[in-house]
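Next come two complexes built around chain A: one with chain B, the other with chain C.
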Partner chain A sequence: MTRPSRAQVAWGVALAVVVALPLLDQALPARAALTERVAPILLFAILGLGLTVVSGFTGLLNLGAAAFMALGAYAFSILTCPIYPFQVGFWPGLVAATVVGAGAGALVGLPAMRLRGDYLAIVTLGLGEIVQDVLKNLDVITKGTQGINPVAAPSFGPLILPAAGRHYLLLALVLAAVWVCVALRRSSIGRAWEAVREDELAARCMGVATARAKLGAFALGAALCGLGGGLYASLSNSSLDPGTYDFGRSVIILSIVIVGGLGSIGGALLGAVIMVGFDTILIDELAKATSGETGSERVWAQPGNWKFLVYGLALVLMMRFRPDGLLPAHAPGAAR
Partner chain B sequence: MSLLSVEGVTLRFGGLTAVEAVSFTVEAGSITAVIGPNGAGKTSLFNVVTGLYPPSAGQVRLDGRGLIAQADLASWLRWAVVGVATGLGCTVAVNLPDWWDAAINAFAGREPFPWGEAAAALGARLAPTAWNLVPLIAGFAVGLAGAWQAWQRSRCSSERCFRAGIARTFQNIRLFRGMTCSDNLMIALAGAGRLRGAGPLGALLRTPRFRRVEASARAEAGRLLTLVGLAAVADGAAGSLPYGHQRRLEIARALAGCPRLLLLDEPAAGMNESESAALMQLIRRIRDEGTTVLLIEHDMSVVMGISDRVVVLEYGRKIAEGTPAEVRRDPRVIAAYLGDTPAEPA
Partner chain C sequence: MDWTDLIAQCLVTGVANGLIIALIALGYTMVYGIVELINFAHGDVLMLGGFLVLTLISACGGEQASPWVVLPIALVAVPAFCAGLNWSIDRLAYRPLRHAPKLTALVSAIGVSFILLNLGLFWGGLDLAVFDDGRSASAKKSVPDLLPFSNLLGDDASVLITLKDVLVAAVTLPMLAALTWLVQRTSLGRAMRAVAQDPVAARLMGIDTDAVIGRTFLIGGALAGVASVVYALYNGAIDFQLGYRAGMDAFTAAVLGGIGSLPGAVVGGLLIGLVRAAMETLVPNGSQWSGTVVFAVLIVVLVFRPTGLLGSPLREKV
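Then we have the complex of A and B:
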């Protein structure tokens, strides 16, 4: 038995903290709702992992991750909302959200797989806009901007999960997504993805079915985004307005992947903690801390208004000092 | 029968003819060199043989079989399925709001939901009206044409050529730089079907079969790395190897496909004398183990030292072919390399 490396210790400690969060929540009633605040981080970790497969492993720039999230969310909502006759329940709904995501990814991927780099990025960008518009205008089904609600809450059979249960459910799904990424990466499909990223022409000459590999990556990434979307709808008890899944959302998911380290699984998790943690925890806390004293009508005094400035600054600094992300997929110094 | 026959291959890029009506054959178990001045079309010829470019005219046969896929009944069926699926998809997309209204929203709030009535209402909408037929037929046509077009483009593909037994290296090294040396070989082993049975499902569940197939491929990669003298750096990143090692790794990667024909594009470029000598030994050894070799090379000591036959190209045409000794004496070859010398006055 070898001694665990520092990274393994760090991940172990992080996992222990996340597992212990519901207990902490009970111990600190004054600062309750820790798990609720961590939920978006776990959710976006799943979305980040989805994009890691597509953009990180395979090197296909995807600017439309939110579109697959939206499709997952609406599939889940339509299938579980009591206004519609399906009402399949939480778990079948979640499976359907994943399958719809994967199917949409494969469908979009089929004609788009001959495109490289910027062109594929434009196609995915367009997809993001199209999906939003369709959801807005297909109000016979999607109820337009109202969104579909209520939807099924996370549950096991008749048991609706309490806050701690939701937390562990999300954690389990994140761990499952991590396992899928790790296991596939260390197999011939994962190596084929990497080969496509490194040199597509050489990959073809070495017998890699590049179109199939790219399609697989796209479908898996979209499936994880669809799963994330379904969960998001379930936790929000609504499909929410189609505008929720706008370009900004795709960019946040992409930023998670880039800040963490493109192609690095741990990086996607860390990126979610930083990007979403800043958004849902830090900004909130700052707002609470400052709203008492300063005149909150002043624009510059509200921490929320600084959000995008900080994002922008952080990305610029990243590009200057850690262009490969906080946890690079390849050891620094390895020739690229 | 010869292993590879190139029959009247022509490759045009717009108005430029890179390769013009080149024919030659490569016998199994031989080493054949393709030489010629820069820009003579040697690499373009390699690109045709490995399926990167479909030839504008002529064809390439491996063991008498063409490398370009032919359509059969199964491919027609596939295109038809794609066409029908596209047609159905278009019809649903066009009519979805209407159908949804008729079948779902019309009965909203009824407990229990009258599935039978809803299905009947939906069924009534499925009659062959213009709204149903136009997208169905148009979608079918688009899907069929798209599937056919995609097939056309993939008929001649480097994946097929690799699987048929033609592997290559590149003039400017094209390794998967960020991957380990061993993983570089694993790609080619998988491409050649050596990882069959280690699919995604096995990978997710880490089944014993997955581990076994993976381990045996890994061992094969190790054997090939030992053959080219790179066993010590198996887990190092390919891109950080010194240049000469990268060339050898590329050869090992090509060999991982168990090719019947190995194409080497300037394997000795940038090597010093002792490195080229080692390379020549390696190429002979590869030939002795049963792989036929076709190489492009500028280093004449290598060409003359190991080739059984030499093919000479100039401006895309074949100007000479024969044993190294014959080619060396050929006046046209001398002219191509040294320029035309005017006849000595008597």
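Then we have the complex of A and C:
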């Protein structure tokens, strides 16, 4: 047996820490609320993995990840909220959110087959805006800006999951998503995606069905985003306002995969820890620390108002100095 | 109001808005034509220009400011500011990525857009009367009505044309003429067209491509600056998120007209302005769907006719 590499040890330790979090929570005072704060990180790790498939593996820049998330969230909410006749429960709702995401992704993938990279990015962006507008304006079905609530909470049969159960559910889904991504990347499908990313024309000449590969990548990426959206709605007990799923949200998901390393599975996880941890833990703590001071109603005195600046700077600086991210998908200097 | 008046009004509003969109669209199309980059931050340059306009109005006396003082100052200072800003963005964020994959620069441009967005939010929090003394920085800031809102056609005419509509035409049309002259008749214009056609060949012919690209950003920024003066005075309100919305309208216009084509940007801008005006005045509940229609136009054009109405066919370089 070979000795585990340093990376393997690091991931093992990280996994152990995440598994132990509910226990830590019991030991620490209640205000630590570790599992509650880590939940968004795990959730965005799933969304980041979805974007990793489309933008990382296949090289198709998707600026509308939040739109697929919104479709998943609304599908889940409509199917589980008591004001509608369906009330299918948590698991069928989650499956439906994933399927709706996949279907929408395949629909977007159709035009994607003929578009150049930057044009495709703009089409996905436009789609994100249209989805928001439609959800906002079709208020007969979607309740407009109020959002749909209440929705099904995470549960197994009649058992509503407590905080620790939710934590392990999220963790299991993240690990499942990681497994799907790893398995697909190693398969012939994953190699077709990589070929499309590196040189689409050459891939086509070598007999790769590029259109089918792109369509598949879009569907799978969107399915993960739909799943993330359904979970998000369930954890928030509401579909939330359509404005939640705006361009800014798509850019947060994009910054996760860019900072971590485009196309790197570990990178997407690390990116989620950094970018979402910054949002939900660091900003929160800073806000608590500064809220006591006088005269802090000034806009720049509130840490939450620096968010866009930090996300923007992260994108610019990464592109300038480390375009392959913190955990590059390929070892530096390796043949591409 | 009968139908003819409604349509005439729609034309007036549509053309005025369309001319503003065209000014912004020119900035997108010039940059795309020359470096094949969607300058995502362009709309946010416009937004910061709008905040400078409001700050200048405040410095000149706020509500009491005379348009004959404010307008000349704003029309010099704001374009200069936006031009410098746009040039610096290119210098710091895009130029180092000139030889990187195309999507690298696009991601960087999105990042710049977010940085500027945040700066706009902070600017709106300044302790000035025009910014509500800095309370709720993200709220819409109303621009004092410097121009009288009286109807030039007389008080009982059924179609409304105000001095604002005239201002839009009086400022934008000369700008369009000047830009056409610059691109078609000057040596800088010739260099710009050469770099757009083939940057390597242009460099071999002794053109300093980096300088030409920098000047393109300078000119695009100046146009955005002029647009922000007109936008602020015409629409009467600005907020830190207007860059995204106005930018998407303008980018759609540029794509619709054929990205890279200057006349195309103007035609596209007018069409988008008219579509929006028609949605808002002629269609019931149209205003809540007008954004959707613009984005649908964008997607349909990109998918089915990516060269737009006036663009030349693009070949994918292998």
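Note that the second predicted complex is superposed on the first by the 329 of 336 C-alpha atoms of A that agree within 3 Å, B and C clash if a C-alpha of one lies under 4 Å from a C-alpha of the other, contacts with A are read in each partner's own complex, and residues count from 1 in each chain.
Going forward, a residue touches a chain if its C-beta (ideal position, glycine included) is under 8 Å from a C-beta of that chain, and two chains touch if they have at least 3 such contacts.
Not measured: the values here are computed from a predicted model.
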Which superposed partner A:G157 touches (first chain B, second chain C, both, neither): neither
Which of chain B and chain C A:L201 touches, first, second, both or neither: both
Partner chain(s) touched by A:P111 [first = chain B, second = chain C, both, neither]: both
First, second, both or neither for A:S188, with chain B first and chain C second: first
Touching partner for A:P29 - first (chain B), second (chain C), both, neither: neither
Overlap of chain C and chain B interfaces on chain A (superposed complexes): 111, 201
Chain A-touching residues of chain B, taken from the complex the two chains share: 50, 52, 96-97, 100-101, 104-105, 107-108, 113, 115, 118, 146, 154, 157-159, 161-163, 167-168, 170, 174-179, 183, 186-188, 190-193, 195, 198-200, 202-204, 206, 210, 214, 237, 239-240, 253-254, 257
Contacting residues of chain A [partner chain C, same complex]: 59, 61, 63, 111, 114-119, 121-123, 125-127, 129-130, 133-134, 136-137, 201, 247-248, 251, 254, 258, 297-300, 305-309, 311-316, 319-320, 323
Contact footprint of chain A on chain C as seen in their complex: 36, 38, 93, 96-97, 100, 102-108, 110-119, 121-122, 124-125, 134-135, 137-138, 244, 248, 251, 255, 288-289, 291-292, 295-296, 298-299, 302-303, 306, 316, 318
Interface residues, chain A side, partner chain B - complex: 83-85, 111, 138, 140-141, 179-180, 183-184, 186-192, 194-195, 197-199, 201-211, 216, 330, 334-336
